[in-house]
């Protein structure tokens, strides 16, 4: 594949502007070659009628961005994606973080039984959940999540233990068992016990 | 500006897969128009030589992603470590969901001949499988499972129909045809099976 | 003396396929009949597994024995052609997916992963709480979530509920016979609680006959089976 195509991949995937120097480093090509491929790419984009995105250049830096014609559409879309009504899975996630926080993403996913990456991200952006940093000496310890003060205030309480029925619900026996079991096998659990057995001896 | 260009902007900017329905809502166009514009866009991408990105499709959802040719480059650039290992049973289950999804747990277990609850749970947590929720009007209908965009990205394919021998393996009926054809080839004359087991053959 | 190890297996179809592949056979009724004994031998070595799972293995064992009997006694009239043809068909289909999984694994090995756009680092963009959300609603949601956990947590427990191994049964039958010299099959099943236990008893009996520890006699079809110590 060409330098142009490589550069396009990196520009596409990056959420930040990239310099020619950085692009050359990442692809292992000469700055001159990168510069030329970049020119070609720009010419191609310019020639394309009705493109949904475009290339922004600022000094030495380059970035892909949506076309200015769609600024309003994109803004409304992103606002709605970020701040639209919370879905039931999102409310469930928020609730679990409320009753069981601080907890890790892995623990949260054990409880919900599905991947929670996107939902958690959205709750963070909305200021409903935050990561608890700097509380532990071990830098490799996974991040833990808890609800924010703003959210507690919104509910009209000062601490999570003022949530209804907090003591009973937060120390539910099944929930504890599940998390203990998951912690015991840090590795992904296997389905039905796998039997490893030996074949009868050949006669 | 055209519907196509609007759609392209939204696909570019969205952090999650988008359905035709969602795209229609956001742009205010008919689902039919969105669908058609989407087809045009995909055809255009396919025709583009050495593209740095491509379109992934799963069910009625669409998402933009980098080209599989640049996997190593992008991985290094993003310092990504998300794609881990799979156990054999998990791989087998995932494969069946890939070919046969959306399918129910009962259908999956019929094929594998073994209970799959735990494996499915692990695949759900890893985000490689998802339940198709709210897609049916009947709330009592059993949940169906399908692979996710992360699965497509993991494999470097754009749609599940790029899986090897997809047509033959995607339905019982086609699979039966495949097996019948293989049997016919192996034994052109429908000879009686020779019972070569320890018992003497009764004549 | 050499041993061929059977790789880890999961479920009856998986075991059956591995046995057939080890013998380098195609999937046919003849092959199924051939590996029937090996299948049962492997069953006896199964570690403790759930009654439900064992039942799955045993139903397949019963089908294999049926197929084998049919091969041994081809002149008898056998009904239910569909039934065991079904096992062959299911195994063939299963095999196709096992093969496909290998191809998928090879694809994964090429590491042609694709990537979506990098997400910018997260920072709260403001405060956007859900509409009309209260502590009471949270408690209600949390109770629902806890309810959903029950089957997830209970499964591993249910597994241990009650397991009957063929070994156990063999010992049981041998004990009974050494005490009474002659026992009816009906008597053996007196305490059987589940269908799988009945099948286990029958398999254990067959095993004892094969090992020539007991002889069996039966007056007519469907009449009582009597066991005697050899």
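Each chain carries a letter (A, B and C) given by its place in the written order, and its residues are counted from 1.
Going forward, a contact is a pair of C-beta atoms (placed from the backbone, for glycine too) under 8 Å apart; a residue touches a chain by one contact, two chains touch by 3 or more.
Computed from a predicted structure; not experimentally measured.
Asker: Need the most distant chain from subunit C, centre defined as the mean of C-alpha atoms.
Answerer: A
Asker: Could you say which chain's mean Cα position falls nearest to the mean Cα position of the entire protein shown?
Answerer: Looking at where each chain's C-alpha mean falls, the closest to the middle is B.
Asker: Round to the nearest whole Å and give the separation of the Cα centres of subunit A and subunit B.
Answerer: 22
Asker: Between subunit A and subunit C, what is the gap in Å from one C-alpha centre to the other?
Answerer: For subunit A versus subunit C, the centre distance works out to 40 Å.
Asker: Cα centroid separation between subunit B and subunit C, in whole Å?
Answerer: Each chain reduced to its C-alpha mean, subunit B and subunit C end up 28 Å apart.
Asker: Residue numbers in subunit C touching 2 or more other chains?
Answerer: Expected reply: 8, 10-11, 53, 115-119, 152.
Asker: Could you list the positions in subunit A whose residues touch two or more of the other chains?
Answerer: Residues 12-14, 113, 121, 191-192, 194 of subunit A each touch two or more of the other chains.
Asker: Given the complex with subunit C, which residues does subunit A contribute to the contact?
Answerer: 12-16, 82-83, 85-86, 90-92, 94-96, 98-99, 111-113, 121, 124-128, 130, 148, 150-151, 154-157, 162-165, 169, 172, 174-175, 177-178, 181, 191-202
Asker: Across the complex, what residues on subunit C touch subunit B?
Answerer: The touching residues are 8, 10-14, 26, 28-30, 33-34, 52-53, 56, 60, 68, 71-75, 89-90, 92-94, 96-98, 100-101, 103-105, 107-108, 110-119, 152, 155.
Asker: In their shared complex, at which residues does subunit A touch subunit B?
Answerer: The contact residues of subunit A facing subunit B are 1-2, 4-14, 26-27, 50-53, 64, 66-67, 69-70, 73-74, 76-78, 80-81, 109-110, 113-115, 117-118, 121, 188-192, 194.
Asker: For a test of understanding, state which residues of subunit B touch subunit C in their complex under the given definition.
Answerer: 12, 15, 54, 56, 63-69, 71-72, 74-75, 78, 80, 83, 86, 88-89, 91-92, 94-96, 98-99, 110-115, 117-118, 121, 149, 152-157, 163-165, 168-169, 172, 175-176, 178-179, 186, 193-197, 199, 201-202
Asker: Any idea which subunit C residues touch subunit A in the complex?
Answerer: 1-11, 22, 38, 41-42, 45-47, 49, 53, 115-120, 122-131, 133-136, 138-139, 141-146, 148-150, 152-153, 156, 159
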